[in-house]
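Think of it as A, B, C, D and E in the order they're written, each chain with its own count starting at 1.
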Amino acid sequence: MTSIPTSSLEQNTPEGAAMPADTTKPPKPKRQRFRFLANGKAATGIVILGIYILFAIIGPWVAPYDPGARSNDLIQPPSAAHWFGTTHLGQDVFSQVLVGCRTVVMVGFLAGVVASILSVLIGVTAGYLGGATDDGLSALSNVFLVIPALPLIIIITSVLESANDLLVALVIGFTSWAWNARVLRAQTLSLRRRDYVEASRATGEKTWRIILFEILPNLTAVIASGFVGTVIFAVLSEITLAFIGVTSNTTWNWGTILFWAQGQQALAQGAWWWFVPAGLAIAFLGTALSLVNFAIDEFVSPRLRSAGKTKVKTASGRTVRMRVGFTPVLEAPAHADARPVPSINPHGATPVHRKETAR
Amino acid sequence: MTTSEPVLEIRNLNVDYGLGPQAVHAVRDVSLTLHRGEVLGLAGESGSGKSTLAYGMTRLLAPPGAISGGSVIYHPADGEPYDVLSLSDNDLRGFRWAETAIVFQGAMNSLNPVHKISTQLNDVLQAHDPKMSAHARNARCREMLKLVGISPDRMEAYPHQLSGGMRQRVMIGMALILQPQVVIMDEPTTALDVVMQRQILGQLIELRERLGFSVIFITHDLSLLVEFSDRIAIMYGGRIVEEAPATALYKDSLHPYSEGLLGSFPALRGPRRELAGIPGSPPDLKAMPTGCSFHPRCPKAFDPCAETIPALGHPDTPDGGTRSVACWLHPVREPVG
Amino acid sequence: MTLSHDTEAPASEVVLEAVGLTKHFPVRRNLRSLMSRTSSAVHAVDDVHLALRRGRVVALVGESGSGKSTVARLLAQLYPRTDGDIKLHGASTTVKGGRAFRQYATRVQMVFQDPFASLNPVHTIRYHLTRALRIHQHAGSDTAELERALHELLDRVALTPPERYLDKFPHELSGGQRQRVAIARALAANPEALLADEPVSMLDVSIRLGVLNLLRDLKERFNLAILYITHDIASARYFADETMVMYAGRMVEAGDSETVTQSPAHPYTRLLIDSAPDPDRIENMASDSTDRGNGEPPSLIHPPAGCRFHPRCPMAMPRCTTDLPTPIEIGDKPGHWAACWLYDEATVAAQPPGSAAATGAGGETAPQPATAAPSTGEAR
Amino acid sequence: MKYLLQRIAFYVFTAWAAITLNFFIPRMVPGDPVQSLITKFQGQMSTQAINSLYVLFGLDNDKGIWGQYLDYWKQLFHGDLGLSFTFFPTPVSEVISGSIAWTLALVGITTVISFFLGTGLGVLAGWRRGSWTDGLLPVTTFLSSVPYFWLGLIAIYLLTGPGSFFPSSGGFTPGLVPAWDQYFIPSAIKHSLLPAATILISSVSGWILSMRNMMVTVASEDYITVAHAKGLSDRRVALSYAARNALLPNVSGFALSLGFIVGGTLLVEIVFSYPGLGFQLFLALGAKDYPLMQGIFLVITISVLVANLLADIAYLLLDPRTRKEG
Amino acid sequence: ACSDSPNANKQNNSGAARSFLTVGMPNGTQPENNNPFVGTSSANALGYKWMIYEPLLMWNPVKPAEPAKPWLASEVKWADDYKSVDITVRDNATWSDGEKLTAEDVAYTYNLLKSNDALNFHAISFGDITQDGNHVKMTFPSSQFVYQNKILANYVIVPKHVWEKISDPATDTNKNPVGSGPYTLKSYTAQGATLAVRDGGYWQDLPQVKELRYTSYSNNDTQSTALANGECEWSFVFIPNYKQVFVAKDPEHHKVWAPGVLGIHGLYINTTKKPFDDPTLRQAMNMVINRTDIFNQAEAGYFHPEIKSVTGLPTPAGDAYISADYKGKTFSVDVAGAKSMLTGAGYTMDGDTLKDKSGKPVTIKLSDPGPWSDYQTTLEIIKSNLAQIGIKATVEKPNQDVWDANIQKGSFEASMRWTNGGATPWDLYQTVMDGALMKPIGTAAQQGNFGRFDSPEATAALKQYANAADDAGRTAALATIEKIFVEQAPMLPVGADNVGAAYNDKYWTGWPSDSDPYAGQQPTQPYALDVVLHLKPANS
């Protein structure tokens, strides 16, 4: 073998034996951006969420009636004219649900964004910087954790005279970041001494860039699930507040519908159509968000992105389950040369009990 | 120590990652026989499928790994041989550790961080012999720890309280606690300095002498293999390309890849010699070259190499009966498997 | 493609120097010791002196956990040091962060031990390298230039064709490929000193050889000063100009690589060299495979007094248990020293070597040193 | 020692900050307890009563807010929480002690059950990924997203009524006196079934989800494969190896959720007319009953802090690695 | 478990005739407090204080003009100027601890009120209180005509020998109440109180209900559910669509009675805000409010009986007070009339929008706290009513505290609110129009005149009514008051307070009704005792 002191290993390839993988133009990196949607759950979630967002945007325009308009059809069950029936004032429940969608979605997402930003700012900063900053910020988030959120929201919304949706969203956002901040801080603590963070520091990255581009992407799953959790929490809070009549919002949301329905004892009156749709609408929104959450983990981690399904069909049509500890054997072993394999005797000092005869 | 009696026969084993067209064939058509009492070294390019082979034959590969063909015949000390791959889950559980134990690549992650060493040792005994008394179990655990040179008073320690070397030895002790016939060790010493490495291996060899189990030893460190194992198998691109007694392989390797490997490691002692690497880069498992997967890098490649995959067989050499190779340069007398 | 024993590089300028470098990691106590007032620390690195010169490679070997990586990180100023000094071109430097740290980073780069951990799993190779280039203003002014720089980098570490790797995520690469990416990232800064922490540990021997060749080439072409940390002493012999041996946080021996590997002076070095597997002496293995290296590495929280190796040393003398050995010139080759009382003639005269040696575990007898002046382990 | 002192100092500081906030925030609300009382009784209380109420509540002598703050701390140090306005002149401590047992019994037990049930199901769902348990997730997600007052009201509508087994409200049959006897206990249990089920249904899925996710993560750890390789039974691997390790985050979540028992159940108590503390807090908010609010906030603050401390300790006990790092 | 369990006798009451009555109020959890003078006590909130303690007189608000029945007082004589009263105390009443009830106790009680502002929750200014044998004589600095029932029928008498030992009667929770009523407190739990009938010694026949079980429900919903389920037999609570929610559940026994009284609910208008300072505009608004809709849709057809008389006085309680001018004059929706009245006064209709004299569109903000759903519904209806004359109304739902502050400080445009109530129309008119209560905008007017209605005439007439020496003077004053109220429309009356209840006569009959309105029916008011005394087992 000749000795060629060069820097490149590859140059040394014996001529004529070119490497197929090297000479062919590498395939365009195909990042399956929408792989995410291949996941059934995530796709369902996205679709439902899409519908909600669509209605949040167009709801007020497509609503068949003015949600507050009285009519003479008092407490009517669902009909062609009123899909979800009417209220004690003859208002159209369907229109109320449609129109209410906007504030619910708006408040939920705004609060989610506010809380997520705060929790990231405070949690990650505390975790990454450590020291006195950490102590201070941790104490702050502990205080916010200790203050009961719902009462605080009630108090704050009552201090602010004309509490509109925006305000409610902000208040919810400002009072519900602490839990996530805690989680993020713990997570950051474990990340900040990771080699790749140290490595990018050693490369000469600036601190803000390290936080933003090295640490944050690895927290995406946590942030996302925190965000989803906060959105659900915010929606539930908003609706609860409206339901108990604390918020003074004059606009419609599903909590307002439930407030009226409950104030008029809709269920006891037999007017289930007044009470049920809004609750279901909330539940489906929450479900959609959770479903999306399931897939976020996979989506943000390049490693998990390639992880396969759990159940697979083999060529011969059998279904095998991919599971840890028991690698599936895809083909039923049928070896012409396999020796006959009789049942096994327990052996030696370590008895092995087997019920079944191996084939 | 070594007999010619087989204890584990791997036949035409194929292991894939993923399914269908996406599948990566990480182990292809591997046939390998482990004899009673021998240390079989497994070396090869990184990514050539050594770990996959080790986990595949015990069905321990994590998803998306799947076994797509072949059989693993186990010969118990007494009784008839059987195919490990077709055992039911329950039988497989009984088989594991009692017959074949594995020391995994990273000792750090092999021990459950929240359980004491004693618990983890005890677990094995309890699972395989529920009737054993607690006292007897405890005695056995102590014995095992002593055997691997860990003072039994460390029984109640948690894994993080032990050094890497100690953890490694705990794993070795655990692997031997049921006196299995086969111990598979996957790069058990890569992270350790040579002193520690030698210490552990020395103990292992000594134990083998006493207990008579067989070892499959996976490592990149060829010199270590030559020193410690009876036979060495070299893997490349998911296949076994050569298999021979350790000294025979070291002195006179037949496959150009083995030659390349042996020519690449620097010697610590003796005059400095020229090191020749293997040119080219490892094959892409997804786009394997046709024919012999080593041919694009092989300095001796000739016509058939690019076309047909050479079969592993006993070569036509004087010691051909004890070794096998898969290379067109060496006409095969008799195929293996 | 060869690692040839090339001609001695001219003794040249010191780029980076460690003077009495010390690092103690405070340990958090457990519940029980919460109550006691003692605060303890891991003595990871104690009083380490080391100099990296232009165009030369210094190998750092030693047992695992002896503080090699810590030395590298200290030199990269990733850890604040407990004591000692780091001199860059003779000037004492302490940088904690901010601009000064980044300035330092352009001159001293580090390759981390574990390429699985040191590449951010969410970023592509392109991102990693682009950042490195950008930070050190080697990215050029437009995308074409950047692309060229990226290609050049990957070419340098023999990841060709570059397009095949640029857009991959770390987990899609093999260990060896990652290690090369890590090296490429360090090279992007065009540093003066490269701290390479076990850069080839995960590679099979053939690839390992390729990477070392690359480093050697770079060293020669760019006059790089390299610190090469490894467990593979044989590669240190071939690749490094100078080899230093660490044990339990302390330097125990240093000298010209060939000398240190062929005629080790310190008992620990000898143990290390003897332990290294060598296929050429298989025949002798059976006889002495059992009697080496017994005993545990010492606790670094409560390191042994005197020489830290004395509990395991077959030739320990009473003095070894009390007095910290100072570096003593061996005299066979210039610059070869060992921190061992065996080379202090006065001590050896007063106290026979081995007189304080611990009897090996399992009643094994310690190997008898042939002479006080240790023989070089010439290949048998 | 220093560590312990640091922790204690940290908790003391947090407690101080939270209590201070709890003092000031309610007082930022416009209006005062007397007006709230009058509006609460909408016409049933004449406006002439205003003066007598100011005198009664001791609000007639003006003290600056700082003076009140100091007084509050003075009171606290004497273990005195003051007199409630809404239930004047009942001492706050009496109001709280009267209802806290109900909250603890209903929500406490339910939280514990929910945690164990959810964690158990989560273990199952994570371990048997790809089996029927996958169907569990959408269902529980759906249930957890339902506002629980809504669920409770539907339950009341569907399941209670004349002749139904389930009572619609209250903690026990009116006329009974709390006592450990064969009349009261069954009655109390019967009354707690629906509210408990409501809380359970809407909270259990959180535990299921987090446990499942942790299980999935842990299942890919090497030591799980090793456990399988050891030939341990599936149960043993699932419980002693996977679940045991996956449990850690859930445990700290659980400890914190214990802290939120008091504050978090307002609506169940309202909907089912359950005589608990959450509802008291709601009333106190509406009535601007500062002493009662502060008292309940204090209980919440202390319970959250204690829960935090417990979480710290639980972690220390459960994860030997943290024991090393503190 | 154990035989001495306090619940031992509780379970076997299903077979024989029912001996207990379940009473509920939607007041939330109540800690035990039996102090009858403290409005916040559980005894007051649930109303059981009226079963333990008794007043001197029993007054029936359903027939306010009728004199109150003697109760602990066997006779009451007011001076003509209503500045003093002479009370004869009944001599056959005993306290539940066996002591005799004497005039000394009565004098003690009133002296307690006099010397204790905190207990004197009707803010009565007492003069001298003297006792002489079984007589008690009280004097007052001013005429107490309008307050007479508050003084004698609303304060209960407490035993001197018990209360003189109490150090601070205002903060005592009176854990062992000793009263003259037919019931004693048997047990108290967080959910409510249980009262047992006395063994004897009551000055009248003991009631047939042996046990009263009071439960405090968390809110209206739970209370009405309990009523509908039959768990609770008697309560005063707003039940939406009560016919379906409550009555239909057991039409034979589930009943609601809701007589109106002299206290009303209406839309207060801030008379300082332009253009609502113009009585014409207010009157026009008054003309378009659809009170029937409000009654049926917002008040469930019963809760706030519809006000028909233009004087704002409810029928039948107020019938006797309607002045001759307005007898028979009732509200009716008259959109056209309102419009023409407005255009006549210089307003213009621009399409659907009403413009005031300066040409600005007339808009109004209606506000009430969100949780008051009947008011909210009322506002919604008013909003659409006002739209008919081109007034664009918006409904706001400020937080209750904010609303409260706004109302008192006069920073509102219009809001539904209640008035005080009493034995005469004086209380309700005073709340709306009394200039003496008026405060400048921005200063809290706590007692009334929230709309800042500035009418010296009205103020004078109110004062005259309260202090008049004879009926003629009162009638004249009232006529003036009503005239101002009708013509200036400072507040648009909508519904009356009711003193009825929702009840269940499956086990107990004898409840007051339209045919026999012997008392009001709220379980928390003084007459509750009178009601209980009338109850008889249904199957007897």
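We take it that a residue touches a chain if its C-beta (ideal position, glycine included) is under 8 Å from a C-beta of that chain, and two chains touch if they have at least 3 such contacts.
Because the structure is predicted, anything quoted here is derived from the model rather than measured.
Chemist: Common contacts of subunit B and subunit E?
Modeler: Where subunit B and subunit E share a partner, that partner set is A, D.
Chemist: Does B-C or A-E have the larger number of C-beta pairs in contact?
Modeler: B-C
Chemist: Measuring between Cα centroids, which chain is at the maximum distance from subunit C?
Modeler: Centroid comparison gives E as the farthest chain from subunit C.
Chemist: Report the chain whose CA-based centre is farthest from the CA-based centre of subunit A.
Modeler: Most distant chain from subunit A: E.
Chemist: Mind checking the centre-to-centre distance between subunit D and subunit E? Centres are C-alpha means, answer in whole Å.
Modeler: Each chain reduced to its C-alpha mean, subunit D and subunit E end up 38 Å apart.
Chemist: Between subunit B and subunit D, what is the gap in Å from one C-alpha centre to the other?
Modeler: Spacing between the chain centres: roughly 55 Å.
Chemist: Centre to centre, by mean C-alpha position, how many angstrom separate subunit A and subunit D?
Modeler: 25
Chemist: Report, in whole Å, the distance between the mean C-alpha point of subunit A and the mean C-alpha point of subunit B.
Modeler: Whole-Å distance between the two chain centres: 42.
Chemist: Mind pulling the residue numbers of subunit C that touch at least two other chains?
Modeler: Only 1-2, 4, 158, 207, 210, 213 qualify.
Chemist: Two or more other chains in contact with one residue: find those residues in subunit D.
Modeler: Where subunit D meets two or more other chains at a single residue, that happens at 29-30, 153, 156, 220, 225, 227-229, 270, 324.
Chemist: Which positions in subunit E touch two or more other chains at once?
Modeler: 221, 225, 228, 369, 372, 400-402
Chemist: Flag every residue of subunit B that touches subunit C in the complex, lowest number first.
Modeler: For subunit B paired with subunit C, touching residues are 43-47, 149, 163-166, 190-199, 202, 205-206, 220-224, 226-228, 246-247, 250, 260-261, 264-270, 272, 274-279, 281-282.
Chemist: Which of the residues in subunit D end up touching subunit A in this complex?
Modeler: 10, 13-15, 17-18, 21-22, 25-26, 28-30, 129-131, 137-138, 141-147, 149-151, 153-154, 156-157, 209, 213, 219-220, 224-225, 227-229, 237, 256, 260, 263-264, 266-267, 270, 281-282, 285, 293, 297, 300-301, 304-305, 308
Chemist: Within their complex, state which residues of subunit B touch subunit A.
Modeler: 11-12, 16, 18-19, 55-56, 59-71, 73, 76-83, 85-92, 94-95, 98-99, 128-129, 178-180, 263, 274, 276-277, 279-281, 283-284, 287, 289, 295-299, 301
Chemist: For a test of understanding, state which residues of subunit B touch subunit D in their complex under the given definition.
Modeler: 55, 58, 60, 62, 89, 92-98, 101-102, 104-106, 109-115, 123-124, 127-128, 158, 160-161, 174
Chemist: Which subunit A residues qualify as touching subunit B in the complex?
Modeler: Going by the criterion above, the answer is residues 1, 3, 9-10, 12-14, 17-22, 307-308, 310, 312, 314, 320, 322-333, 335, 337-345, 347-356, 358-359.
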